[in-house]
Structure formats: structure tokens, C-alpha cells
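Read from first to last, the chains carry the letters A, B, C, D and E; within each, the first residue is number 1.
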Amino acid sequence: MSVPLSHVLIVASLMFAMGLGCVVAWRANVIMMLIGIEIMLNAVMLTFVGGSAHWGIADGQLFSLMLMALTSAEVSLALAMVVYLHRRKNTVNTDQFDSMKG
Amino acid sequence: MLPTYLTLMLLFPLLGGLTCALAGRKLPRTLVEVFACATVWGSFLCAVLAAAAYTAPQVITLADWFTSFDLSIPISLYLDPLSLSMTVMIGFVCGLIHVYSVFYMREDQDYARYFALLNLFVFAMLTLVLGETLPLLYLGWEGVGFCSYLLIGFWYADPANADAGRKAFITTRIGDVALMIALAWLFQLFGTLSVTKVNGMGFLMPGSVITMLGILFLIAAMGKSAQMPLMVWLPDAMAGPTPVSAMIHAATMVTAGVYLLARLLPLIGGSQVALAAIAVTGGLTAFYGATCALAQRDLKRVLAYSTISQIGYMMLGVGAGAVTAATFHLLVHAFFKALLFLGAGCVIAAMHHEQDIYKMGGLKRSLPLTFWSFLVGAACLAGIPFTGGFFSKDSILLAVWLKGGVLYQALYLLGLLTALITAFYSFRLVFLVFAGGNGHVHRSSGLTVMQLVLIPLAILGLFGGLLDLPAYLGGGYLSAFFEGLPAGDLLKVSHEQEIAMQVLAGVVALLGLAAAYFRYGKGRAERMREAQARPSALIGFLAQGWYFDKLYHLVLIRPYQACAGFFWERVDHGVIDASVDGLGSGLGGAGRLLGRWSTGKVAVYLISFAAGGALILGYLAWLAL
Amino acid sequence: MEATLFYILAAVLLTGTLLAITARQAVRSIVYLVTSFFALALMFYLLGAPLIAAFEVIIYAGAIMVLFLFVIMMLELESPEKLPQPHFTNWLPALLLAGAVVGSLVVLLCSRLRAVPPGFVEIPVRQFAFALFKQYGVAVEVVSMQLLFALVGALYLGRRR
Amino acid sequence: MTSLIPILTLLVFLPLCGSLLTFAVRRSDNAVRGVALAFSLAELALSLLPLMLSGQKAAGAPAGFFLYQDAAWIERFGIRYTLGMDGISAVMVLLTAFITLIAVLSAWGVKERCGLFFSLLLALQGAVQGLFLSLDLFLFYLFWEAMLIPMLLLIGVWGTGRPVYSTIKFFLYTFVGSLLMLVAIIALYLMHGAQTASYTFALPELVRTNIPHDIGLWLFAAFLLSFAIKFPLFPLHTWQPDAYCDAPVAGTLMLGSLLSKTAAYGLIRIAFPLFPEASRALTPLIYVVAVLGIGYFAWIAFAQRDMKRMLAYSSVSHMGFVALGIAAWSPVAVSGALLQMVNHAITTGALFLVVGMLEERADSRDLSRYGGTWGKIPLFSFFFLVFNMASAGVPGLNNFVSELIILVGTFRVAPLAAAIAFLGTILTLVYTVRLVQEVLFGKEKKPLELKDLSPREAGMLAVMALVVVYLGVHPGPVLDLFKTPLEVLLAK
Amino acid sequence: MTISDLYTIMPIVITAGAALFVLLCGPMLLSASLTAIGVTASAAAGLWAALGTPASTQAVSGLCFTPLARFLIPVFCFAAAVTLLLSHSYNERRGIKGEEFPATVLFALFALCVLPCATNMLILFLALESVSFAFYILVSMDLNRAESGEAGLKYLLMGAVAAAFTAFGFALLFTGSGTLQLSGALARPDNRAIISAGWGVILVGMAFKLSLVPGHLWTPDVYQGAPAPVSAFLSTSSKVAAAALLLILLALFPPMPELRVPLAALSVLSMVLGNLAALLQQNIKRMLAYSSVAHMGYLSLALLSGSRDGYAAVLLYGAVYTAMNLAAFGAISSLSIDEERELVTDYAGLGFTAPLRGGVLALAMISLAGIPPTAGFIGKFFIFYSAIKGGSIALAIIGILSAAASAYFYLRVVAQLYMHRSQAPAPRAVSLAEGLALCLASAMILVIGVYPGPLLKAIDTALQ
């Protein structure tokens, strides 16, 4: 393939930044924040796969795979927590969770 | 033998003082009194023995006080004619006053404290006189000040007395500091603090340095000897018991300044400016004291101002370089002033502690012994011819005249004027207290003994002139004795000139006496009436000591107190401490502000976090560009 | 040809993502995201990682997104009016930050990559598997522990008090 | 004998053992007092012991030290456990032992948490002893800071007034200074290491470091700041009146008599020898603050109504002479400063003690409450007067000698500073006589139930008064002890 | 892989086994015995690691018992054991039931043990994320307190974003260098920009883990919300783990001068902000959180020096900080009654009514303030020593000054403990386990403070 590595990386960066923007902007909805995190992690995976292809070794792909597993673990825990908190406070707006501050 | 005498001379009163101080309250009163008197007389005995054994000036080192590298201060004593004559005088006068005190203080419960301080005073005074190293001299110098402080405030329950003591202590401390500084300077210059060595090295230094040193010593003397402008404490010091006034504030301590200057004259005599300063101070003070004494109503205050004035004469003498004359006057003055004070003490005791001379009168009959003694004292003070005071004062005036120059001649005239005033106020006192109708007195057995004490003093005062008769009368014992002193180089004077001067002085004294007689001896009742009225401005001015007290209060004391408060509340609290506290609370406030960043909203956290990331990446990118 | 495909996929990917993050409804956002993940999977394939591409589709688009959907349904968050939307003031810092991050990354990633890269190499599944079980066996163990404890945690939180 | 018994280690650790033991028996107040007294007496005896050895030279020790001990401690940094005793430290150690004994006796009446109190007192003593003996800069710093904690608690727990505020203020002030000193110590260590390739904190080694002028200035400034705060010197003193006032009597005694001496000791032993050039350059500054302090504090002391606060200001004012003597850095002046440290410790300590006794009796430190005590409690009044006069510099008592030596020594170097400083003694007298007058003289303003001294109190004061007089008339032995070490210190 | 290889990684095996065992047999055993198993396992793992000899080659592919691991694993095990000891009675009081707590602690310990043994970035990353993961669970374990769950959510969200950053950083490092292995110098000079971008991103991720400003904001909330023993564990082990990760990576790559400024900025901001924000903080756990921010600032100051001394200082400080914070949070946990003693003023007079715990808390505060003869002083000394040696004198002075200010809030606690009267009833008696834990922690503080020689030697060996 004749795409320069830098282009892959730029796409990944854009995606990463979008994910970051999503996390920062969607303070009203935890679930959208989690989605943003997923986007960021997918950008990371893209980088790894690109790097892997660039160097011709499998390590990067492996890292992606492990990231996927890690993400799924994280998401399951996060969603469980969201459910738990929603049950307590009946909201998913993170701004409502501010009983501790200062 | 001499070292033993000297050591014992110092140890006796020290021992007495310490014993009285530590155990006095537990011992019976009589024992304490006897012990206290015995130590002082023992000391006097030693002084006499030392005088007998004396052959030539001698330095006696007893022990080491402290040594730090090249600063070595031994406890060494110096016996020369000057100190010898002083010790004898001190021993004698103090011994008498101790005896007098036993009776004077009969009713007071605090006898132990009194005698302890009195004895300690004698010790300190002797140390001052005998000390060969300046720090040792200073030990005595401060020691007498300390005892004087406590003795002035002896009846401490009255705040006024304590205030007087405090005033004396602080005022003299100003002089003491000058002495300390002079001392440090001397050490820097000569590497030694021995009086004898320093005296011998004065010529090594430029005149300006000697002048400065002279001025410092003069300031020291001003404090201790109540010279202008540090004289304000002495009249107040009369708050102490009268024997104390006699002993400390008339005969001994206050002359310490004169002694110091006389002692160091070989050094400071090298500077004419310093001598002139001393002479001017003395002359002015003599005049000041005499004028103030004119207007006083309090018996003891009259005497106090007269003391100031007489010490002024002595200073004048030193300033003229006449150590012998000054010492002569010092000794004679010690006798007659002690006499006057003790006489006044008798009067006061007899008058139930009444001190206003306008409320007295007629004591001539009820207290004849006191009257005659007091008269002798007043005559000496006034310089009535052929009394001791006449000769001594005259030798000073003579020396001043002989010194020559406009300044000294002016001072001579001032001295003469002062002599006139002196004669006037002395007899004013005599007339007001003793003349007139019958005075009611309170008699006691103590009073008799007290009056007996006056006799030896009266004799000494009256015949004190024998100590140093003028040359035309065969020359003086004292002059011969002092001849060995380094600075005794007086100009020789013809007998005629001397006689002329003495006649002049005698006339002046008699004039004063006559004036006093016409004003107070004849017009006594009139004066009494006048005293009830409001005093005139001049009288008020003189009575208040030229308002020096008020001036100092306004210029020094009030600002001092105000500044103390200001420094504490405005500067220390208001600026320094407040700025530190302000820094603290400022930091705390900043911290609270920073803590507010933790809003509790996770989105804010994330934004901050991401912003941090963006900054770091941005920085790295900027580097890479 | 592959390059063209790559750029097309990249466009799809980024558009999908953009739509996903700006969607008004969570459900709709999930759908956009699934689309873009499909594009991502294809890109993985193009980059010589067929296995990862497959997992991407199976795990991400399949499992994780469904999990999201499930939770959204369960919490009855599907209707947009129940949720406050990000305001412009929320988007502004997001835009700024994202822009800054992208800008700096682009500068860094493109600036000095002048040396000729070895080019893209396809990695056979065999090599992948070899690496996975020979070289990174321990990683698998660690991840499995992690998954186990994700389960433990989720169960613990789900416990009714 | 010196090799068989580690006297120096014992000197440091005996109080610490005492501290632990005291704490262990804290259930019984009597046992606590007994143990504390026994240990402080033992320490005093132990600190007298080395005086017999002065003049000898210990094996391996730097010049001037007659007792020496050295062991590896933290080898990675070349930190060693090095203790050494020369004349200066011998006197300081003796002083510490003496003052602590007095403090223990003065705290006899402490009822609340008696065990902890004495335990802290002894721990503090151990730290101070360690500080006076350590020859390793790191060890010195360790003890320097270790003093803070017992002091913090002594003021805070048993204090009166606003103890917490005062104690934290005291702590923070000293802590800021000492941390900057730590930076300087590390920098010095690194410079020395870079120059000689031997990384060590040993003081005799570090003295030989070749320090560039401007760096030396900064390092010296850090040391100076730290010591100046503890001293305290002029603008850095505001912790001091508060701490002195609010501390319990024994605490004030330790603080005023010992802790301020550690700073002066540090200047003499460490700061000046380490940075000869920089200290020369900054000497004018020290002169200024010393002179300013002497006058300013004496002046402020006059305005106080609270006796303890007055004494606190008086204490700083007197410490100004120490600073003056050190700044002059001539043998005479420094020996005067050292003697003044001893004298100040005893005089000020005794003054705090008598004021404490008065407060104990009438529960007030307000000057205007008192008056005419001379007639009621003569014994007390006698001691009160003696110590006040000593403080005012009446000759024959101790302070006079040291102040004179300082004056003479400083005058050679800086006549103006010395002269102005001594003008300050007028102000000293002013507030001293005010204190004496308001307490002893006049009439009682309000009838107070006052009891004269108990035998314990009288004994303490009598001993202190004896020392005051002894040092006033025969300070020779003490001055002799300073001679050799000062020759060594000033040779550089 | 042989048995002897297994022996060398035995600590990992022990902890993993114990975690699984507790999880499986939990329902059948008493909670006390679960705690006992956990403590025994962590003690065993720690002792094994401390006594074992480090290997130079990988034991299992991806894991190697390095000298660093030999130093760090005992520290982690110590922290875990103390946490378990503390948590037993705490959990009982709070109604935190079940085997999940000890099992998760052991899981965290397992991950912590893996971390220093990792020989490639993947395992390193996974270990680090597992640690965080365990803490997400532990923080929200207290179902009875709303704050606990809230803290969990915050930690999780922040942690996940940070993990994404870290992962991105690893991805860039990989792309730049072409390998995930942690051996040999890796950077290709031509790809330096990518590597530096990767470093930058990793630094951001680590700023979260180490709670350096501006990634510190979660810290007070999480410390406050989490159960006290968890805060103890979290504030120590996860920080040391993150620091260790940075150490490993820094040792791997040649010096990156461009990182100096960001790291210095993070360090200074953390020192200053942490200490200032703690000054007037009323809540003791939040106060400790800000103090933790500041302490991590000191730690990164040492990292900044980039020298061997600096790294040694990081390790020493990690160990010291572990002891101090365990003691502090241990005392807080043990002194808590039905609800947490949140405010500093709640501790009034406890120095006398609860002498052991009050004393330990005071000791911890004194040590945190860095006053001799405690470990905190030695730690701080080493940090500033290395910073000055590394040439960052200005930073060292800023740090020192902020440390001086910090004494205020530590002393405030001491003052409350000893200088104020207590209104509250006397706290319940200390349990044996808690007493043991507290004594262990304070003994460590004192021993390191007085005689740090052996520890320093161990650290020097660990850095070979």
C-alpha cells in the first residue's frame, strides 16, 4: 500500500481528538462520554495497526487486540457503575455528581 | 602589709554588706547595726594603716578577674596620694554616717536592707577609688550607682521615692555608657585598660582623639557628679533617707566624676579643648546649682543644689588642671557637706520629717549643737574666710585665674559670682531654719547621739584648710603630698597675688552673708509672708531648676514613651508581624482559590486534564517546528 | 487503488465519528459509530491486520456497542428531550482542545518523518498467533484476570442492597 | 578513659533514654519527676566530666577537640556520626545540662500529662546536646530540626494564651529558615564533592571548600537566615514574643536559654568558618540588625505590660550583643559573645523563672497588678532584683563581663556599631528598672495572696544567683575553655 | 519455562493464586480468614521477592524478575498487607461484606507485582491498567455511602481518558521505534518527533496517575469518597507504580531534553498548588490528597534530574511515601466510627484519648512535613539533593519553600490531636490487626528515618 504512515497517523490523531472532544463536551451524559473514550481507544488501535504494518511486526496488532479486551472490560464495569449510580440518583448527568468539592 | 590592708579595706564592707543582705533579717537588730558600723570603721582603720605604711605610688594585683586573649583584666588596686586621701576620707565620713544612721533609722523595720546597701556602697566606693584597671573602677562606679538607686528608693512604698531612684540610675547610666565606650576606645588605642599605663601613653595619640576621649570621660563624670546637663537626678535623689543623702549624694559618690577626671588628667590633660570643656561644664554647673539653691524651699533640696554647685567648682578646678585644688575642695566639701546634711537630718528628725524651711525657725535654742555645727558647715560652704571651704574654693579660683585666657578668666568671674550667691543662700538657710522664734521640736535620745556625730565633722570642716594652706601661710600638706602626681604642674604664683585673690573672695563671701542677713535675718517675717504668695516667674524658674526637668520630660521622656508604644503597636505588630500574618493568610487564600478548582464536576477535571495535555503537546510541537 | 480506498475509508470513518459525537440521540450516535467502526475494520484490513479487522467488527461493532444500546434502553435514555444537550459553551472548549491536540500532533507526526519507511507489510496470521501465544502469553493471562475482575466489579455494583 | 566510655554518645542519648523511661512510667507523677530529675542530674554530672580532659587532644580529632567520636552512618552520602567536643561545646553542653535541670525543677508543679511533659523536655535536651556536639553537618541539621518537635508540643500542649497560634508560628518561622539552610548544605556538599571527589558532610573537611564569591554569598545568606530566625535577629523576630509568652515556664526556659544559643553556636561553628569571605561581605548587615535589634527591642520592651513579653523582648535585645560579637569575628569579641550566650541563658532563664513563679502565685503577668512585693515576699524580691540587675549589666554580675568583652572586642573592628550598641544599654536599664519598680516597689494595687519561695524554688534561684555572681567575678575558667577552639576557628 | 523460572516469578503466582482462591472460596470462609489469607499471601510474596535473587534473563516470556522488581514488590506487598489488615475491621463497621474486597486488593497486588517485572510495553501497560482497574472497583466498594460510588465514577472516567492517552503514547512510541520490547536503546534519531509526541502523551497519562497538576483534580474527591483503607492503598501503590513505569521508560530511552520543561512545569505546579490548596483544607482526607499532589511534585522533581541519583531518590521517596501515607490513612481508618472523621477538627484531643492511633497520625504528619528523625526527612533530603545535583536549583528552592508552607497544615492536625480538648466520646479500642498495621507503618517511618543505609543500598542495587 502506498499510503504514507503519516497519513494514517493523522487520521488516528483526528479521531483521537474527536473522541477527546466528545468526552469533554458531553458532560451531560455519561454514556456519551464513554462513547468518546471508545473513539479515542479506536484511534489508538489504528495507530498501532499502522505502526505494525509499517515495521512489519505483529506486536502492534497484538497491542490492539489487548486494548480491545481491556476496553470491553472497562466498558462493562463503567456501564455497571452507570446503572448503579442511575439507580441511586436517577441521572446520567455528570454535573449532578458533585457532592464532593473544594 | 599594704596589700593586706587594701584587701581588708575592701573585704570588710563587702563582707558586712553580704552578711546583712543574706542573713540580716534573721539576726538581731543591734548585732546588725554594730556589725555594719564595725566593718566600715575596720575599713577606715585599714585605710589609716595603709596611709601610715604608704611610701610611694604602688600597683597591687590581687587576682585575675577575666582574661580573653589580649584583653586581660586583673583585679589590681592602685594606691597613690589621690586614692589614699580619698579612702581615708571615705572611711571616716562613712563610718560617722553609719553611726548616725543607727539612730536616724531607729524606727525603720528594714534595717537589714539599709545597712546591707550602705555597706555595699562603701565597698563599691572604695573599689572605685582604688581600682587600677578601668573595668574595676567601673565596677565600683556602677556599684555605687546601684546602691544609690536602691537607697534613694529606700522607702519604696511611695512611688515618688522609687521614681527618684530610677531617675538617678538611668541618668547616671547615660554617663556610664560614655565611660564604657571610652574604655573600649582606650583599649583599642593602647591595648590596655590599666589606669597607670594609659596615663603614661596619652602623648602617643593625636590631640583630637584625646579630646574625644576627654569628652567621653566628661560625659561619664556629668552623669555621676550631676553636672549639667545630666544634673536633674540629684535634687530628686533627696527622697532617700538623709544619712544616705549625706553619704552618697554629698560626700562620696557624686564626687566620683571629679575623681575620675582627676585620675585620668594625665591622659586627657593633653587636650586643651577637653580641659576647657570640663572647665566650662564645671563653671556653668556651679552657677546653675547656686542659682537654683536660692529659690528652694525644701531644706535638703537646697543642699542638693549646693552640692551640684560645689561639684561644679571641683570640675572647674580639674578643668583648670588643678588636681590638688580640686581634690582639696573635694575632701573639705565632703566634710562640710556631710555635716550640713547630717545637721539637716537632725533638724528633720526633730521636726517630724518636715522639710520646708519656711515652716521652720528658732531651732537655734532648741537644738544648739545642731545649730553651731550647721553654722560651721554653712560658713564653709559660703567660703567665709579661714574656714576650710574658703581655702579650698579659693585655690580652685586661683588656679582658674592663673590658667589664663579669656575663657578661664570669664569662668573665674562666674566662679566669683557663684561664690557670692553661695554665701547668700547658705545663710538664707541658716537664718530661715535657726533664727527667729521658738521652734517646737521633738526630742529623743537618738537625736543626741546624732548631734554628737556632727562635732568631728564640724571640726574637720572648720580646720580643713589646714590640709593645704596657701603657700604664704606655709604651704600645704596636700600639695606636697600630691607633688608626685603626674599632672600637678601648676604655675607658681606670687604670694601677693594669692593674698589679693583671697581677700577678694573673702569680701565676696562676706557680702553674700550680709545680703542674706538683710533679707532673711531681719526681714524674716516678711519673707515668710511672701512665701505664702505665688512665687514670681524668676523664683519659679529657679525653684524648678531652670525647668530642666520639664524640658527633659517634654523632649525625651514623653517622646520615648510614645515611641515605645508606637514601635510596638504600629511597627512591630502593625507592620512586621502583620506582614507575616498577611503573607500567611494570602497564601491560605490563594490555596482556597486553587482548591475551588476542584469543583466536583468531573467534566471540569477532564477539561483541565485535556488542556494540560494540549499544552504539553503544543510545547513539544513548538519545539519541533 | 488501495490508497484511494484508504482515503475514502478515512473520510467515512471521520464523518461517521463526527456524526456520532454530535448526534442528538444516544441511539443514533451508536449507529453512526457502528458505521465508522466498520470503516475502521476495513482500514485494518487494508493495513494488513485481517484478524484485528474481524475482531473489530465482532467485539466492537458487535458486542460493545450492543452493550451500550442495552444500557441506554435499560435506563430509558432514548428520548432526546430527557437529556440536556451539550451547549455551544460546552463545545467551545472541546473544539479548542481537540484542535490544539490535532494541531500539535500533526506537526509532530509529520515534521521529520523524512526517512523512507520500510513500507507496509502484511503480517500473516501465523506470525500474529505466534507472537500472541509465544511472546505475549502473560499478557493474555493479565487481561483474562482483568476481565474476571470486571465481572466481579460489575456484579458487586449490581448487587441489590 | 575517653576511649572506653563513649561520653559524647552518652551525653546525647542519656536524655533520650531518660525521655523514653519517663514516658514509660507516666502513670505515676512522682515516678516521672524522680526519673526526670535523676536523668538530668546524671546528665549534669556527665557533662562536668569532660572539663577535666580539656587541653588534651583526642585521637583522630581535628585541632582543638579533646573528645571525639566517629562512625559511619549513611554511607551513600558520606554522612557520618561524628561527635566532637572542644571548649566551646563543652561549655554549651554544660549549660544545656544545667538549664535542663532547672527546667525540670521548675516544672515540678506540672500536673497535666506530667509524663509526656518531662519526656519531651528530656528529648529536647538530647537534641540540643547532639547539636552542640555534632561535627557532621548533616547530623547537625538533623538535631537542629529534631529540636522543633518537642518544643512544638511543649508550647502547644501546656501553653497559655494562644498556644497553638504561637507554636505553629514559631515552628513555621524556624522551619522555613532551616529548609533553606538544607538547600545550602546540600549545595556546599556537592561543591566540595566536585572539587575533592570526596563526598562528605564532615565540617572540618567542608571548611576547606573553595567557594566562588557570589555562590558563597547565597549559601551564607541561607545559613544566616536560618540562624537569624532562631536567634532571632531584627525583622525576623515576631514569632518570638508570642512563643515565649505562651510557652509554659520550662518551655520558655528551654526556648530562651538554649534554643537561641543553638543559632549563635551555629553561626560561630558553622556559618562563619565555612564562608569566611561571604561572612565578611555580609558583616555590615549583621551589625546593622544587631545594633538595631538591641535598641529597638529594648525600646519596645519598655512599652509592655505583660512581664513575660517584656522579658521576651529583653531577651532578643540581649541576644543582639551576641550577634554583634560574632559579627566582629575577632577572638576577643567572639569569646565575649560565647560568654554572653552563657550569661544570657542563665540570666534570662532566671528571669523567666521568677516571673513564672510570680504568675504561679497571682495568676497574672500584668505588671500593673503587682507592686510592693518587696515587703511581702522579700526572698523572692531579692532574687528578682539580682537577676534584673544582672540583666541590666551591673558589674560584678555576669552579663557585665561578657558585654564588656564584646564591646572591647567589637570596638576594634567596628567602633561605631559597638558604640551605638552600647547606647542601647541605657534603654535596657530603662525597662529593667521599670519592671523592678512596678513589681517590687510602690504599693500593692490590689491585695494579692502571695507566698514566699518554697525551698525548691529558693534552691533553684540560689543556685542560679550563685552562677550569676560566679560568672560575674570569676569567668576565667570559662573564658579559658574558649581560647583554644577560637584560635582554631579564627585562624582561617 | 522451567520450575526455577516459575520460582523467580513466584510473587506474581502467589498473589494471582491468592486472588483467585479468595474469590472462589470466599463464600465458604469467614471474612477474618479471608483477610488472613490475603495478608499471608502478600507477606509471602513480599518476602519471597525480597529474598530472591534477581534474574538477568526473562523467566517467562514477557516477565523478568529484575532488581527493580526485587525492590518494588516488597513495597507493594507491604502496602497491600497493611491495607488488608486495616480494612478488616473497617469493612465490618461499614457493612462492606463479601470476598470481593480482599480479592480485588490481591488482584491489584498481582498487577502491581507484574508491573516492575514486565519486559515489554504491552505487559507494562496492561499491568498499569489492571492496577487502575482494581482501584475503580475498590474505590466504589462502599455501597452505603453515595460518595463512594461518585468517587468511583469520577476515577473511572478520568482513568479511562488517561488510559487512552497512555495507550496512544505507547502506540506512538511503538510507531516511532518499531518495537515494544523494553531492552536496549530504542529511539531512531529520525523518528524523534514521533517519540517525543509519544512521550508527551504518556506524560499526560502519568500526570493523571501521579495526580500532577492539572491531572490532579480527581485526587481529593476520590480520596474523600473511597473507603479509608482503599485511599491508603491507592495513594501509595498506584503512585509508586506510575513512578516506576516512568522510571522504566526513562531508563529505556535516551535523555529527552524536550521533556524537561513539561516535567518541570508539572512538578512546580504540583508542589505549589498541592501545598497551597491543602493549607486551609478542613477535610483531612482532601488535605492529604492535596498533600499527595505536592509530594508527587517532589517526586517528579527527582525524576527531572534524569540522573541515577534522581531515580534512586524516586524509589526511596516511593517507599517512604508509602509508609507515611499508610500510617496516616491507617490512623484515619482506624479512628473512624460509624462515619468517617472527615474534618480535621474531628480529631481534637485524640492524641490523648487514643494514644496509639493519635501518635501514629502525628508521626505520619511529622514525617510528611519532612522533619527529622522521620523517613519523610530522609526522602525529602534525597529528592532535593538529587534536584540540586541535577542543576535545578530554582525548582528545588520553590519546592523547599512550598514544603515549608506545607508544615502548616500537617501541624494543624498535630495541634488538633494534642492541643485541643476533645468533645467527642472516646473512640473504640484499636483492634489487633489495625494496631499491627499501624505499628508496622510507623516502625518503617522511624527506621528509615534513623538508619536509611540498608534501604539506600537496596535501591542502588535495584537500579543496576
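We adopt the following convention: a contact is a pair of C-beta atoms (placed from the backbone, for glycine too) under 8 Å apart; a residue touches a chain by one contact, two chains touch by 3 or more.
Being a predicted model, the structure only gives us computed values, none of them experimental.
Participant: From chain B, count the fewest steps through touching chains until chain D is reached.
Facilitator: 1
Participant: Tell me, which chains sit next to both chain B and chain E?
Facilitator: Under the touch definition, chain B and chain E have A, C, D as mutual neighbours.
Participant: Average the C-alpha coordinates of each chain, average all protein C-alpha coordinates together, and give the chain whose average is closest to the overall one.
Facilitator: D
Participant: If you tally the C-beta contacts, which comes out ahead, A-C or D-E?
Facilitator: Most C-beta pairs in contact, of the two: A-C.
Participant: Whole-Å distance, chain B centre to chain C centre, using C-alpha means?
Facilitator: Here chain B and chain C have centroids separated by 102 Å.
Participant: Would you kindly tell me how far, in whole Å, the mean C-alpha position of chain B lies from that of chain A?
Facilitator: Chain centres of chain A and chain B, defined by C-alpha means, are spaced 96 Å apart.
Participant: So, what's the distance in Å between the C-alpha centres of chain D and chain C?
Facilitator: Centres of chain C and chain D (C-alpha means) sit 70 Å apart.
Participant: Once you find the CA centre of chain A and the CA centre of chain D, what distance in Å lies between them?
Facilitator: That pair's centroid distance is 64 Å.
Participant: Residues of chain C touching 2+ other chains?
Facilitator: Only 90, 93, 97, 101, 104-105, 108-109, 111-113, 135-136, 139, 143, 146, 149-150, 153, 157 qualify.
Participant: Can you list the residues of chain E that touch 2 or more other chains?
Facilitator: 120, 122, 126, 129, 133, 136-137, 140, 149, 153-154, 157, 161, 172, 193-194, 196-197, 200, 220-221, 281, 405, 408
Participant: Going by the contact rule already set, what residues in chain B reach two or more other chains?
Facilitator: In chain B, residues 584, 595, 598, 600, 602-603, 606-607, 610-611, 613, 617, 620-621, 624 touch at least two other chains, as defined above.
Participant: Hey, which chains are touching each other here?
Facilitator: Touch list across chains, by label: A-B, A-C, A-E, B-C, B-D, B-E, C-E, D-E.
Participant: Hey, which residues of chain C end up touching chain B in the complex?
Facilitator: Residues in contact with chain B: 90, 93, 97, 100-101, 103-105, 107-108, 111-112.
Participant: Which part of chain A faces chain E closely enough to touch in the complex?
Facilitator: These residues of chain A touch chain E: 5, 9, 12, 16, 19-20, 23, 30, 33-34, 37, 40-41, 43-44, 47-48, 50-52, 54-55, 57, 59-60, 62-63, 66-67, 70, 73-74, 77-78, 81-82, 84-85, 88-89, 94, 97, 99-102.
Participant: With touch defined as at the start, can you tell me which chain D residues reach chain E in the complex?
Facilitator: The touching residues are 73-77, 113, 141-142, 145-146, 148-149, 152-153, 156-157, 159, 163-164, 167-168, 171-172, 175-176, 179-180, 182-183, 186-187, 189-190.
Participant: For the complex, give me every residue of chain E touching chain A.
Facilitator: 120-122, 125-126, 129, 133, 136-137, 140, 146-147, 149-154, 156-157, 160-161, 163-164, 167-168, 170-172, 174-175, 178-180, 194, 220-221, 224-225, 281, 283, 286
Participant: State the interface residues of chain B toward chain D in the complex, per the touch definition above.
Facilitator: 21, 25, 64-71, 135, 138-139, 141-143, 146, 149, 153, 156-159, 162-163, 165-166, 169-170, 173-174, 177, 180-181, 183-185, 187-188, 560-561, 563-565, 567-569, 572, 576-577, 580, 584
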